[in-house]
Structure formats: structure tokens, C-alpha cells
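Please go over the structures that come below.
What follows is chain A paired twice: with chain B in the first complex and chain C in the second.
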Partner chain A sequence: MYNKGLIVPGLIITVLLVTFPFWFDVFSSAESTDPTVELPPGGEQNCIYPADEMRAEHMVILNEWRDDVLRNGNRGTVTVDGKVYGKGLQLACMKCHTNKEEFCDRCHTYASVVPYCWDCHLTPTQQKAGLKEAN
Partner chain B sequence: MKYSFSFLVVIALALIAGVGSQIPGMGYFFGVVIPYLAFAIFLGGIIWRIVYWAKSPVPFSIQTTRGQMKSLDFIKHSRTGAPDTNAEVVGRMALEVLTFRPLFYNTKSELREGPKITYESSKWLWLFAIVFHYSFLVILLRHLRLFLDPVPVWIGWIEFWDGLLQIGAPTWYITDVTLLLAVVLLFSRRLVNRHVRYLSLMNDYFPLVLLFSIALSGILMRYMLRSDIVNIKELLVGLVTLHPVINGHIGAIFYIHLTFISALLVCFPFSKLMHAGGVFLSPTLNMRNNTRAVRHINPWNDPNIKPHSYADYEDDFRESMIDNGIPVEKGLPPKDEPAEAGAEKKAEE
Partner chain C sequence: MDTKRRTFLKAAGVAALAGISAPAVTKLAEASSSAVPAVAENSAGTAGKIRYGMVIDMRKLYDRPDIQEKMAAACRYAHNIPTFDDPKSEIKWIWSASYEEAFPEHSSAHNAEIIEESEFLMLCNHCDNPPCVRVCPTKATFKMEHNGIVAMDYHRCIGCRFCMMACPYGARSFNWFEPRPHITQEINPEFPTRMRGVVEKCNFCAERLARGEKPACQEAAAEVGAIYFGDLNDPESEVRKVLAENPTIQRKPGLGTKPSVFYIV
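Moving on to the complex of A and B:
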């Protein structure tokens, strides 16, 4: 083999780059995140769709609601199994899933998803804090 | 025919992975065994390939020159065009690798009426190539969010800038569109351009078709046929921490995507994709352009084989050359000396 002095370090760098995910976690001091979510404290069992579907589709539903309400001015309601839901994060989702930090954030942090819902919406914790400040 | 076969292979792979992974118990095979096997072949393959290349001697100094070689002081030296020192070679290599300079200086020759031949700059290939490679890099880095737990901050920054347009939910990534577009253009170039089409082989088409299918299956998985991302991430984190587990149901589209990637990894060391490593080992790019200052010694040279000049050669074969009417520089020794030569021979005996 020619140019061992360059080839061997080059190969080592290549292998380290390619195996980055394998060794990064070993040296990372940060604690791993836990994607288990807190179920609704009120004990509700049913969402507007089955859980599997909600996991995969909730962002699409919320996006459609956003477009419907804010862009088309269609503030209708959604009725599932006789229960009426207002179209909105705070009008529907957060009524049962009251804790954003223990529900939304768990999976979002785990999968590094940063939805821009909270650019406009307040979380229940922020709302409470805001109310206290106002009083 | 050469390209339709690539599509056939990809469709077969999709069917095998899509149907196979849904058979109970086969998720582990498609989600764990195949990716591990593919990664092992990939890693072993690139090491083997690089070592194989490193064993090949470079008999001549064959750098490509893009500018004036270092010469007299008053002649301007092109430092990255004809690098003279190792640092300049690094600079040249960085330009080639990071900006694809050879493609940028690509010219197209055309026969016009007259007949007149024209050479004009043709930057399309450079544009498609650079868009493709940088999109691919961003996508690769973005995917780390599915392998690392916790996710480092900088991956979030990449995702933020890539999803800046905030179109739809989940937000569309800019690189998803640009990668797909670039692959389509690189592929159609091979079909439309007659010269390139003539040169293209199965192993030119296949990686492009495979990359297209990888991108398409990824896009389908993110925007249309979604599967629970938490289950997917748990499997991928398990793969890199060597404790793979499959929790819950993962859709067929994920296994199709994963099998495509495994196919790409397996192909990588044995195909033209290996240009990723090969560019650094190209004697045309990694040698100093200093042949006037330093003599390049062929490492193949056997020190026992001494230089053999033409004069020596003529000495060896002079008589036969004269007999066959081949001109010689030095004639045969004069005829009146054989007695002396004979005496010498006797003395030697």
C-alpha cells in the first residue's frame, strides 16, 4: 500500500463519519428522552379518530382546521359519537390533553419536531401564568 | 432497455419489502437483519475499495492542469490550477470537492453551419449535480434526528432552515423538492443528450433510479402514508445502540424505504457511487504539479533494472540491424581489426 500516512487517517475519518450515530450516543452526556405521553387526566377514552390514526394524522387535521377557521372563516364544529368539538387546538385537543409539556412535547422532543402551533397559541401553563399576572 | 431494467429492479425490491415485511415476524428481517447486513457490506466494501486503490502505484505524474504551473518569478502561477505545494493541493481538492469546479468549467462543442465548430460553456450538469449533492447532504444530516436521542440542537437548526417555507403539515422540506428535481434532471440528461445516452450503462442509470425511489418513498412516508414516527425512531435508535426492538406496527412504506437504502449501501462500494472516496484518490487531482522541479519516481521501478540507453541497445544489436538495413548511429568496427579482437578474446580465455 502506498501513502500509508494519508490513507490510514483518511480511512479512520471515513469510518468515524459513517458510524457517527453509533458512537455519538455513547459520548453524549445528555439524557435520552422518553416518548411516553400522559393520557388525558380527565379519563377520556376516545378522541375524534382512533389513537393510531391520530398519531399519524393529527398534524394534517390541525392544519386543515387552521385553514378552515382562519382562512375560510368556517368556524364549524366537528361531531364524533355525539360529542361536539370546536375546530381548534384549544377548543378541542387541549380540553382533554390539558398538559402540553407531558403530552405534545413528549413525542415532539423525542422526534425533534417543532410545530409552529405555539407561535400563536398559548399553552395551558402559559395561560394560567398570564391570568395570574393579569390579576 | 438499460434504464427500464433499473426500474424493474426497484419495483421488485419495493414488492419484496412491502409484502414481505407485512408477514408476521418478518418485520425483524427487513427492519434489522437487512440493514445490518447492508451496513456491514458498505463499511467493509469502502475499506476494501480504498485499500485496493491505495495498492495501485502511480507510475507517472499525471495531474490535470487548469492554469500556469509554477515557473519563473515574473510568470504568474495559478495556485489552485497547478498546485505546487501540498497546501495548494488541499486547496485545489477543496474547490473540486466542495464546488465541483471541473463541471463548472465544462464546455460543449457543437458543429454549426459553415461547417464551424463552436465551444460554449455548459453549466447545466454542474447545476444539477451541485443541487443534488447538497440537497442529499442536508437530507442525510436531517435524518440524524431519527438516530440520535436526545437530538443535538444543530440538527434542529438544519430542519428549521429546510422547512422555512412552512408549507403544509408536516412542513415540506425545500431539499425534498430540490433533490427529486435534480435526480429527475440528471436522469433525463442521460436520456435526452445523445452523446451521454450512448455512453450510459446500467450502472449509471440504476443509482439514479434507486435514489429517486428512496426520495419518493421518503416523501410518501412523510406526507401521505404516514406511520407512527415514535415506533420508527425506537427501531432506528435501537439499531445504532445495537439493541434493536420493533414496538407496535410500522407501515410497509417504511420497510420499502429502508430496503431501498440498504440496496444503495450494498451497491455503493462496488459502483460509480464510490466516486465519493475516489475523488480523493485521483492522481489527476491529488498530485502536485511540480514535474519541472521534482522528478517523479515510478514506485514500480525495480532498482535492479538499470537504465538502458539507445547507444547500449545499438551495441547489442548492431550487426543484426545492419543486416536488416536499419540505419545505425555508429557503424561496425573497421574490418582490419578482427586479428586484434581475436587476440583479446584469446587473452580473456
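Moving on to the complex of A and C:
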């Protein structure tokens, strides 16, 4: 091979450059940027399903509730730890997760998803303080 | 050989024609045997099924614009309805207008003075044969089969406004602007708002009925007892008794929409 002295170090430098993000991540001491959410301020321990299931499925459950309530005439209630909630984002979820900004928004912002729930549904802050004061 | 081919082709042609037109023919036959009455009577043969309806006793609301406003305010609060001054952007669930506007089919040259002077309350009629449902391309407007309420799913509404063209009663309003800044009253924390670009209308207080409560407007008119609400399919219900005892009219009955809101005038 001609110019071995140039080609081999060149290749090594290229490979190192391309894989730099991985090396940097392995050796960096910077803290993880994964989002952390704050749990319900009221201290409620249980949701309608275990946390990992909720994490993966909450959007599906919300859609099912929506169809139950609006279409199928099944407004029913859900009971968690003896407490009865009406089916719905405002009527159930946000009753415990009163900290939408530290709960919903943390992951949604991180994952860059913009759910349109809040175009119509009221956040706990808005529910308490009214629309004008909360915005 | 030649003649044989001719007959074969003829037979094949006739068979193909019969095959293609068979569905249309059976459909035509079906349609003519079950002709739909043009102006239908109100719901026959629906035993066991609820159909909510309302009777508005106007005799108790003549000269009472205060009560009419109270009813509108109750609905406004219950459903977080915005207020717009421009009538073109107005959001109306329940509103008042002249007899002429409410009952064009009934207007006569020499109405009683009280009728000429008073305003009449109007809301969605929750028609038994609702044209708004027929035209909605997304099924955002639909009739709930178990109680007859013509409901909306705002999540689905694409704001095409076909339903507004179809509704002969002006019972639907379009959100031309973001409604939230125009909600002037206190907010009801149990109910959502709407967003720009969707249509909205009276929902017969479905969310209150589910909790065993009365419609908000009925409750607001309780002091004069002007509103009766209940199951039109149940001969024993209060609405049916009121209907049996009093001559009533519906808005534009000739259109065959079969309104569920009745007026004692």
C-alpha cells in the first residue's frame, strides 16, 4: 500500500471523529437530561393502572374515555383507593396531578410532543384561578 | 357454427346486464315498499328507548326577559360559553328572538299582542331526524341512540360548517375566534372550553343528566316552572302529560326534522 503512513492515521482520526458523540457521552460527567416528573402533590400513590402502563398507554386510555363519555353513553366513574372520579382528563387525571406543568409538560416538552388537550381542557391552575388570571 | 356464436354472445350479454343491475333493482324495490312519510309523526315504535325532549311554557315567559336572560346565563356558566358582541361571531346555545323569527311557519297577520311583544326562547331541537347529523362528514355530530340527544364530539369537528348550513334553526355557532379570551363570566371548572375552528351548540346538558341533575336552563327557570324536560317515549313522563294536556307547536314542523322541543304559546 502506498502512503500507508498517511492513510492509516487518517482512517483512525476519521473513525474517532465520527464516533465522537458516543465517546463524549461515555466519558462526560454531565448529568442525564432525561425528564423527571413530580408526583401528585396530594400524595396519592396509585393511579388507575401501574405507572409503567400509564406511561405507555395514557393517551390510548384518554381516547377510550373520550369515546365512552361522548359517544357510547358510558360516562361511568373510576374508583382508585376508594375515591370516585368522573371519567375524563379534567374530572379524574388532573384531580391528583394538579401540577400539570411539572408532570405532563416535563415529558411532553422533552419529547417535543404538543398534545392539543389544553386547547379546550382546563389545567388545574386555570380551573382554580380562572382563565384570565392563569394565563 | 356462426348462429351458435350469436346466441351465445346474446345470452352472455343479457346475463351480464342482469348481474350488473341486480343490486340497483333490489334497492329500488325495497325503497318503494318502505316509503318514508314526508312529515313524520313523532317517534313511533320506540318502546324502551329514551328520547329526551323539552316543553317550553311561553305563557310563563312572556314579559319575563329577566328569566330568559337568567336561563341563558345558567347555560353560559355551565358550558363556558364565550360572549361576542358582533352577531356574526356570536356563540348561541340558548337565545331569544321574535315570534316571527322563531315560528315563520306559524306567523299570522294578526297575532295576539303578547306574542308580538315577547321574545321566544330557542335552542337546539335535538331533532329526531336531524339534518345536521346527515351532513357531518366526520361524525363529529351524531345522534346518541340511547337517549336521542344530538351530540357533538369537538375533538373531531373539522369546522367545515356543513352542519350549520343543514340546520334550519340556526342552532349552531362557529368559533371564528379563539373563544377563551371572550369568556366573560366565571369559569366552570368541571367543563372544558372550545377552540377556534369548531362548531358548538346546546347539548341538552348531557353531562348534567348523567349526574342525575336537570338541564341548567330548566333549573334557572324553576321559579316560574316554565320548562318541562323528560322522556318523550314514556307516556307516563311529565313532558308527555304536559303535551297531552296543552296544545303545543314545534319550530318549522313542515321540514320533517321532528324537533324534540315543544312550545306552549
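Here is the rule we go by: the second predicted complex is superposed on the first by the 91 of 135 C-alpha atoms of A that agree within 3 Å, B and C clash if a C-alpha of one lies under 4 Å from a C-alpha of the other, contacts with A are read in each partner's own complex, and residues count from 1 in each chain.
As a working rule, a contact is a pair of C-beta atoms (placed from the backbone, for glycine too) under 8 Å apart; a residue touches a chain by one contact, two chains touch by 3 or more.
Model, not experiment: these values are computed from the prediction.
Engineer: More residues of chain A in touch with chain C or with chain B?
Structural biologist: Higher number of touched chain A residues: B.
Engineer: Regarding the shared-chain residue A:N3, is it in contact with chain B (first), chain C (second), both, or neither?
Structural biologist: After superposition on chain A, A:N3 lies in contact with chain B alone.
Engineer: If you stack the two complexes on chain A, which partner ends up touching A:V84: first (chain B), second (chain C), both, or neither?
Structural biologist: neither
Engineer: For A:L17 in the superposed arrangement: first (chain B), second (chain C), both or neither?
Structural biologist: So A:L17 meets neither chain B nor chain C here.
Engineer: Could you look at A:L70 and tell me whether it touches chain B, chain C, both or neither (first, second, both, neither)?
Structural biologist: Only chain C; A:L70 stays clear of chain B.
Engineer: Per the contact definition in the header, classify A:D52: touching chain B only (first), chain C only (second), both, or neither.
Structural biologist: The answer is first: A:D52 touches chain B but not chain C.
Engineer: Let me test your reading of the model: by the given contact rule, A:G130 touches which partner, first (chain B), second (chain C), both or neither?
Structural biologist: Once the two structures are laid over each other on A, A:G130 reaches chain C alone.
Engineer: Name the residues of chain A shared by its contacts with chain B and its contacts with chain C.
Structural biologist: In the superposed arrangement, which is not itself an observed complex, chain A uses residues 116 for both chain B and chain C.
Engineer: Would you mind writing out the residues of chain A in touch with chain B in their complex?
Structural biologist: 1-4, 7, 10-11, 14-15, 18-22, 24-25, 28, 30-33, 35, 52, 55-57, 59-60, 62-63, 107, 109-116
Engineer: In the complex formed with chain C, which residues of chain A make contact?
Structural biologist: 66, 70-71, 73, 75, 90-91, 116, 119-122, 126-128, 130-132
Engineer: Under the definition above, what is the set of chain B residues touching chain A in their complex?
Structural biologist: Against chain A, the touching part of chain B is residues 42-43, 46-47, 50-51, 54-58, 144-152, 155-156, 159-160, 166, 168-170, 226-230, 233-234, 237, 240-242, 249, 277, 280, 299.
Engineer: Could you list, by residue number, the parts of chain C that touch chain A in their complex?
Structural biologist: The touching residues are 142, 144, 146-147, 151, 153-155, 180-181, 183, 186-187, 189-195, 207, 210.
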